[in-house]
Structure formats: structure tokens, C-alpha cells
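Got some structures for you, see below.
Two complexes come next, and they have one chain in common, chain A, joined by chain B in the first and chain C in the second.
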Partner chain A sequence: MRLIAGAAPPSSPLAGFLAVVWATAWAEIQRRVAYAIHMIRGPVFPALYYLTLLIAYRAAGRSVVAGVDVEGYLLVGTIGILLWSSNLWASGYAIEHERQEGTLLALLLTPAGRSAVVFGYGLGDWAVWVLPSALVTGLLAWGFGVELVVRDPLALLLAAVGLLGSTLALGYALAGFFVLSRRANLLANFLQSPIYLLGGMVVPVSALPAPLDRFAAVFPISAGMDALRLTLLAGAGLGAIAPLLLKLAVLSAVLLVAGFAGLRLVERAAKRGDELGLE
Partner chain B sequence: MHAIEAEHLRRTFQRRGWLRRRGREIVAVDDVTFAVEAGTIYGLLGHNGAGKTTTIKMLSTLLIPTSGRASVAGFDVVRQEREVRRRLGVVLGGDRGLYGKISARDNLLYFGRLYGLPRERLLRRVEELLELVGLADRADDRVEGFSRGMKQRLHLAKALLHDPPVIFLDEPTIGLDPAAAVSLRRAIKALAPEHTVLLTTHYLHEADELCDRIAIIDHGRIVLEDTPSGIKRRVDTDQRLRLRVSGLPAATLAAMLESCPAVRSVALPASRDGEAELVLKCHDRARAIDEVVGLVHRQGGRIEVIEALEPTLEDAFLALTNGAVACV
Partner chain C sequence: MESTGWTSAIGHELAALRASWLVMLRERLDFIARGGYLLVWAIRPVFDLTIAGLIYASGRRDLLPYVVVALIANSALWISLFWVGEVLDRERMRGTLPALFLAPCSRLGWLIGFAAAGVTEVVAGALTVGLAGVLLFDVQFDPNPLSLAVALPLYLCSVGGLGVALSGLGLLVKKANHLSNLVSPVIMLLGGIYYPVAALPEPLRLLARALPIGYGMETLAAAALHRATLAELAPSLLPLALSALVCPLLGAAVFAWIDRLIRRRGELDLY
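Right after this comes the complex of A and B.
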């Protein structure tokens, strides 16, 4: 007979947070690799997208887009597509996925931070889908003669980190919102393809009609892709991308606050017994 | 010392009306008060929809009570929810709550990390628990291929991962085949006194077998709380006699016995190996025995067996939840 023991609190909040992020990422990887078809299908989809768009541009007689080679433009655009899809279906869909799997209540019963779980989903998806897919697409672009012009490796690194960080923040912001919408699947499907166009992934934002180009200005992946294009394809340095990095940081902060609030709302709604169908 | 305390817990739900206007209020739990002694198994017994699961959800921090308060292991379930979760293991009914596409071992490893267990302790604990629940030989198989009984045993292992002092089991044997249910009940029985267990069930024999104390819950309210034997004693059900008589046909005997003033009714008349068997319900058992013995002798029959049947928990439960019989 005792009333003590149980799980001890983590040595520090950060250590506890990171432990849950890694554990969730690893569990997500295990679930994703459980079936070989997932591993084959994953990299094929963006590679086909890249090829289709490249052929379309070439058929239209275009070899340069927004001041860079079309092969390079589409390589960064495809990375944007990968990250956006990953946002939607991994971190953005994390809580909804738990609901569909029937594990959400089991998760809510643990003392683990819900935010850490969402980030874990995002990281797991990067490892198992985004990185292999980006590698396959990169090899394809290299085969088509993409020309990389990197003059400032630190700027390139910061652009990549900024892009990845802001996309994680975007996925985090979507996680609670999707569940609260009660129609996560419909919403994710609805959001997926239009963003390819509006986010500057397949055509430059400058080519969009006036009201639509405003959207790209508040879409963090667009700023991240611009920074990556400039440092990877046009040899830009830190000074040139600093405004973009600042914009990414501000947007990411806003998204993190929105994500935190969204997850709190979900949990509060669940505890009030709202009809979110969480079981 | 109490491991679980609930004081005047009430939980209502608002059923949405047309166009999402506020609709009818549904009272799921109404003024529920009880306390569970540490190291014991406490049963919440009730029909489907009686309020058992809602009570468990409030105590396990999944639902906020509309009013009242509750604590688990000394921590308030609303204000100190993270402390409660660290000290609580929960097995929710049904076979959901596990990741189907990964193995039993990986499920436990993942949940162990969500509970913040250090790596070495977790690895050791997972092996111990797989052994304890009899899944060591299926540890590396995907859970999606498990039977319901195996999933329930894995749920129990998951609930025990962080060695919580308090465990909630919400209808843990529902849907299991008899052998699996017996095996799981054995495991639950072994949890006390090391752990305090709150068990909800609508299997009366299960509550009778496992629980030190039982609360019967009906329409969201606790209608009686006592030990299983105390509940049986306190419910003023009909007294019953089982009778086996030779030399008289069952139907004739039943008709004759119904005319005895002390006999209220005759049930289950049947003939077996030339003997009539029946169960009598009576207000006063001693008087009924006198009348029945005299009548059977006068009619030329011979009493082979006459025995008093003690009330079962099922009798008590039905009496209480139908509201038909008063408590003594």
C-alpha cells in the first residue's frame, strides 16, 4: 500500500520536452516504415512533380524563372511542396491522427507535453519522407544540370534552418486548429494544392494576379524558399537574406503562439466534453 | 488513508439543439461521493450509461467536473492534473488506445517515454511487464494482429509502466472470452495491496470476486456503498428456498405450494430423474419451511433436499437499480 512513486518529473522541462519529441519522432518513423509501400511511394511523388513541372516549363520554352535556372527554381519549389505537405499531414495532422488511431485519450492521460508530440510527428516525417524525397529530387535536378551558386555557406545554413523551423511552427499552428475544425481531413485536402500555387512553389509569386500575391507575403514557407533560392542558386550572403530571416522569425513566433493556443483550446474543449469526437 | 476521494462530483452535458442552440441538460453524474482506502480494490457497479465512465474520466483528468472536487493520490484532479497523471495508470474499455502498426514492445517503450521513464529503467520495466501479462513471446509482433484479450493485457501492462500507486480499470474484461477474462481478473487481483485499484464493471461476479468495497451507481448517483457481502445483507430481497421432492409431479407440487401463506411465488419448476425441483420465494423462510414440509408429507411426497439460497450480488444490484426493494 503506497501513494508515492509513479513517474518522476523530468530533470528539466527542456529535457522532458526533447525526450518526448525524440520518442514521438521515433514512433512515427516506426509506424511509417511498417509498410514498404510507404517507403517507395514517398520519394516518387515529389520526383514526379518535379519532372512534370520541368517538362511543362521546357515545353513553354522557358529556361529561366525569377532570375534563376528553371531546374534550380523547381528544386527549391519542390522542397517547399515537401515541407508544406509534411506540415499538413504530419505535425498539422498529429492530434487528428491520434484521434483516428484511437490513441488520443491514452496520450492525454500521460503527463507528456502535447506540443512535444506535435513537433515529434513533424521531425519523424522529415526523417522518413522529407529528407529522402529531397535527396531524390536533388539527384534528379543534378541530373538535369542544376547549377548551384553558393558563396556564403552560413547564409545557406541559416536559410535552411529558418525554412525548416518556420514550417515546423506552421504545422504546430495547424495541429489544434484541424481538430477544432471537426473536419481535419477535408480541410487538409482542401489546403494542399492551392498553396503550391499561392506559395510560389511552382510559379513565382510575382506572376500571380494582384490580390493573390499578398497571400505569399504572410506564408512563411514562401519567405523561407526565397531565402533558400537566393543563397543556393544566386550566391546571396547573409546581408541579402537578413530581412527574410527576420520575417521568418516573426512569423514563426506568431505561429508558435497560435499553435500553443490551439492545443490548449483542444484540450479544454475535450475536458468540457464538447462534441469533438476525440475518442 | 484514502488514495482516491470524490466529494459531491457532478457532471452535466449540454445537448446541442437545432442550429447549435443550447439544448437539454443531461446529468451524467450527480452528487457522487466516495473514498477509496489505499491498497484496496474498489468497484463502481452500474448499468451502461449509469455514470461509471464519466466518473472515471473526471478522476483521471480527462473531464472537468461541473461541480464538486476529487483527488487522486492526494492531488486535486483539476488543479494538479499533471501530478495526478504521474501517479495514475488507466485502462479504458475497448481495444483502442494502442498503436496497431508497431509491436507490443514498441508501444510500451513509447508510452514509457511519454511518462518520462529513464531509458535503463524503462527497458527493464517493459520486459518485466511483458512477462507479467504473458506477452513476452509476442512482444515483437504488431499489435494490429492481437486478439482483444491480448490487447487488454497489453493495456494493463501500459497502465503499470510507470508503477503508479493508483490504477483505474474501466470495464477491463468487456468482450473477452472466458479464459482471457479469468486470466485478466487474476492479474487485477494481484495488483492490491501494492496498488489502489478503481474498477468499473457491469459483471457482478467480477465485482464480487475482486472488490473489497463496491458502490452501486444508478442514473448518475451512488445508491449503495459497502463490501460485497454487506451489500447482499443490506438489501431486503425475497428469501429463497431450493426444494427437491420425489413422489410428486413438479407442476402439481408447484400449484400446491403456491397456496401456502408464507410462500410468495414458485419459480423454475422442473423434473429431473423423477424428482421435482423448484425455487420458492418467501417472506418468512422458517414459517415457509414448516408449511412446505407439512404439505409435502400430507400429499405423500418425500423431501430429498431443502436449502436456503443466500442473496447474490446480482439480486442486490437488480433490486437497487430497479428501485423495487428498500434497503434495511
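Right after this comes the complex of A and C.
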């Protein structure tokens, strides 16, 4: 946890919340840029994974996936992968990271909002990893001839905001869950690639056999990717994605409640002196 | 008397190798059993296989058996990158690296012993993928035992050598995990894991041909699926044999160079 020493008290709860978000995000950015290899390797995985899957689809003789060009389908899928990985290793891992660093108790003693810390980790990760990686993969997709069909910029904007917002909500829900599981690293490793499959990131959900196809119905990043694919690749308008936006809003609300409850449980466990890590 | 000295020295090194292997194996088994990591490493490639299966299901189903064998072989590659490649840096983080370097045996002895402790995960991953290939995608194996007996050790020598080289480089960059994560997508793209190297576009195919991985995948796939003889495998087996010779030497050379460099800089235990 980091606070700006000697800073004046925030003028309102919102200002205090934003100050903690900003301070945490900035600390996360500084921590990440400290090692050059961290910055170099960041965009490499998503870009090369995109390319690997694109070559596999082409080797299979498939140029259209789920009604859109494979280049575009995988581009949005890669954005989903980036956000999911950020969920796992940044916002979702935020409280666990504090525990590993030995700063969790200090964090719980400060008046700073836990949610602000979680969102700060997430935003810091977006700045140093998600955004540059999405740009590099986007350029790669452009080089391979991705066709964007945007007819309603407002719908595209809302789809993007809905996707990002629900991602932060998911990270918030995971933050408490990871620590309470006492197997954060194991869970994060375990959940990573199965969700690429189950979430419709690299193959369409419709191709999955039942009951595997049900997971995407309650996974917010899947709904967000659907909205983004429709508005970015198929020229859909607000009317077409309204049900998806509503779904994102409901799922995000549920996740925020779950996240709040999870972090309260972490706080109680810490106050009882429970051992929160077994690794 | 000289031969007795040599025998004694080799025996000493083998004893160090065995002791390192046993210690690390116990630690790994305890870790993977207690933490459940074996499940993660065994299940993960099944999802990778399913992704490939769904991509090829409505197009080139004939590529699926190849992908199954390549993913089986990838189990060794994965451990070479993420276990062998990070083993020195891991010891440094624990604070035990300087003591290891002062141990009265050769460094390669304990390093090979540590590396061999990853075999458990390799076997678990390989068995799971093979089983998933048979059960989920009805893949039929038709192996040539002799070809496999020749190709598999060559492949393991190649990827093991690369792992040792990476392990040394990991010490240099001080973030071995980031290095593994940097190298692994390159290997995924060029190594012929999700498709044969022949399916790569021209410039990438040329790059892939400079790596031993693709030759290994092709050789193992042909030997395991099509009963290919050694003569039939010659075009890919010869480059693989060459890399099995070069990669361990390269690994040892890189390790020795980094060893000298790091000690001269006084960075052995600096993280």
C-alpha cells in the first residue's frame, strides 16, 4: 500500500478513492517498468499467440469464424485474453500480491479503500501491458488485412466501456477469492488457458460441446467480446448490442457485490490472525 | 593409477548428480502434490489440444494426430523452459546459489540433477495429452519403436541443452521467468507445435528451420504415427542429431560464460 506522505487529506471520499487508485496504479507502473525484459516480453506473447492461431486457422483452411473474418475474430479474442490475464495477475492478484510482499496487514490498517487498491493494480497493468499489447496486436492484425466495419461509434464506445468495466468488476471479485482460496498462484495458473477456450476467445463458443458452452453465458468478458465483435467487425448498432450491455451491467453488479463480500472476509480472516497463504 | 583417478572423479560427479536429483525430486514431488500443481501442468495441455482440435475439426482433421504428438513432445519443451530455464534464478532468489557454486563438484553435475527432477511433470503432461488425443479425438498411434528410441533421446538432448543455456541467461537478466515467457511464444510460433513447420509462411519457415524444435516434432510425429523407419526419417533426423550435439555444448558454453561473467561482476546472489 502506498500513500503520498505529507499530502493534504482528500477533499471528499471520491477524491480519496481516486487518489488511492492513482497512487496504486502509478506504483504498479513503476514496478513493472523497472525491468526492461518485463516491458519487452509484455506484448510478445499476445502478438505471437495471435499469429500462431491465425496460421493454425489458415492451415485448417478457415477464413471465417463465427460469421466474421478470422483476423478480426482473433483480434477481439486477443483483447479478451489480455483483459483476462490482467484480471488474473493484476487486479485479481492485487491483495494476494500485498500478502506475498508482507504488506497486507498494513494495507488493512490504512483508511484506504481496498477496492481502490484493486482497481489501481488493474489500471496500472492496463497502462503498461494491456494497452501496448493491444496496439501491437492491432497493428499485426492490420498487417494481415483485418477489416473493421464500424457503423455506430457510440455503440462501439459503449461496448468497449462495458467490456472494460465488467473486467474490473471481475478482477475485484477475484481479489478476495484468490486470497481466501490460499492457492492464488495455483488458481491463476490453472484458470488461465481453459478460459481462452471456454470464454470464446480463440474458438467460438458455439463450437463447444454441451455443457462447456454454458460457461460463456455467465462470463462477463465473453459478453463484452460479443458486443465488441458485433460493433467493431459487423457494423452492429446500439439496438443490437443492448441485451449484451444489459447483461454486462447485471454481471458486473453481481461481481462487485461478490468482491465486496470477499474482501470483507479477507479482512476478518486477517484480524483473526488466520494464515492466508500456504504456498 | 590415472584411470583410477578418472573413475573416481566420474563416480564423484555421478554421486553429486544423483544426490541433486534426489533432493530436488523430493522437493518437487512435495510441492506438486501439496500444491496441486501436477493437475495444472497435466490439464493445461489438454485445453491447448482442445483448442487445436476445434480449429482443425471442420477443416484439416488430418493435422490433429500431428498436434497430439507435438503437444506430447511439448511437455518436455515446456519443462525445459519453465523449470530448467529458471532453476538457477530460483536458487538465487532462495539465497542458495553461492553455496551451490562453492560445492566440491562440477556445476553441470548438480544442474543436470536439478533439471532431471522435472521428469515427473514431463511424464504427467505427456501421458495426459496422449490419453486426451485418443479419447477426445480418436487419434491412432502406429509407432516404430526403433525410430522413437533414436529420435526421443536426440530431441530431449536438444531441448535440455536449450534449457541449460536459458538457465545461464536467466541469471544474467535476473528475471528468468520473464525470459522464459519471452522465449516460449517464439517457440510456440516457430516450433511446429500447433501445425507442422511446413505450414508456416515463407519467412517464418526459414527462421523455424534454424531451430531444432520443428525437426524434433516432425521426427517424433512420423515415428509415432506412421511407423516411419530411420531411413525415411533421415531428412529431419540428421538436423535433429546435429542439434542434439550442438545444443548441450551450447548450453554448457553459455553456462560457463555466464558463470564467469556473473562472478566477475559480483552479482551471483544479487536479485
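Basically, the second predicted complex is superposed on the first by the 267 of 279 C-alpha atoms of A that agree within 3 Å, B and C clash if a C-alpha of one lies under 4 Å from a C-alpha of the other, contacts with A are read in each partner's own complex, and residues count from 1 in each chain.
One rule holds in what follows: contacts are C-beta pairs under 8 Å (C-beta built on N, C-alpha and C of every residue); 3 or more make two chains touch, one makes a residue touch a chain.
These numbers come from a predicted model, not from an experiment.
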item: Which superposed partner A:V218 touches (first chain B, second chain C, both, neither); value: neither
item: Which superposed partner A:P111 touches (first chain B, second chain C, both, neither); value: first
item: Partner chain in contact with A:F45 - chain B first, chain C second, else both or neither; value: second
item: A:V250 touches, of chain B and chain C: first, second, both or neither?; value: neither
item: Touching partner for A:L53 - first (chain B), second (chain C), both, neither; value: second
item: Chain B versus chain C as contact partner of A:A242, first or second or both or neither; value: neither
item: Doubly contacted residues of chain A, that is, touched by chain B and again by chain C; value: 35, 279
item: Complex contacts: residues of chain A adjacent to chain C; value: 35, 37-38, 40-41, 44-45, 47-49, 51-53, 55-62, 183, 186, 189-190, 192-194, 196-197, 202-203, 207-208, 278-279
item: Sites on chain A touched by chain B in the complex; value: 1-10, 16, 19-20, 22-24, 26-27, 30-31, 34-35, 101-103, 105-112, 117, 270-273, 275, 279
item: Residue numbers on chain C that touch chain A, as the complex places them; value: 34-37, 39-40, 43-44, 47-48, 50-52, 54-60, 63, 173-175, 178-179, 181-182, 184-186, 188-189, 194-195, 199-201, 204
item: Residue ranges of chain B in contact with chain A within the complex; value: 1, 3, 11, 13, 16, 38-39, 60-64, 73-74, 82, 85-88, 90, 92, 96-102, 106, 109-111, 113-117, 142, 158, 162-166, 193-194, 196
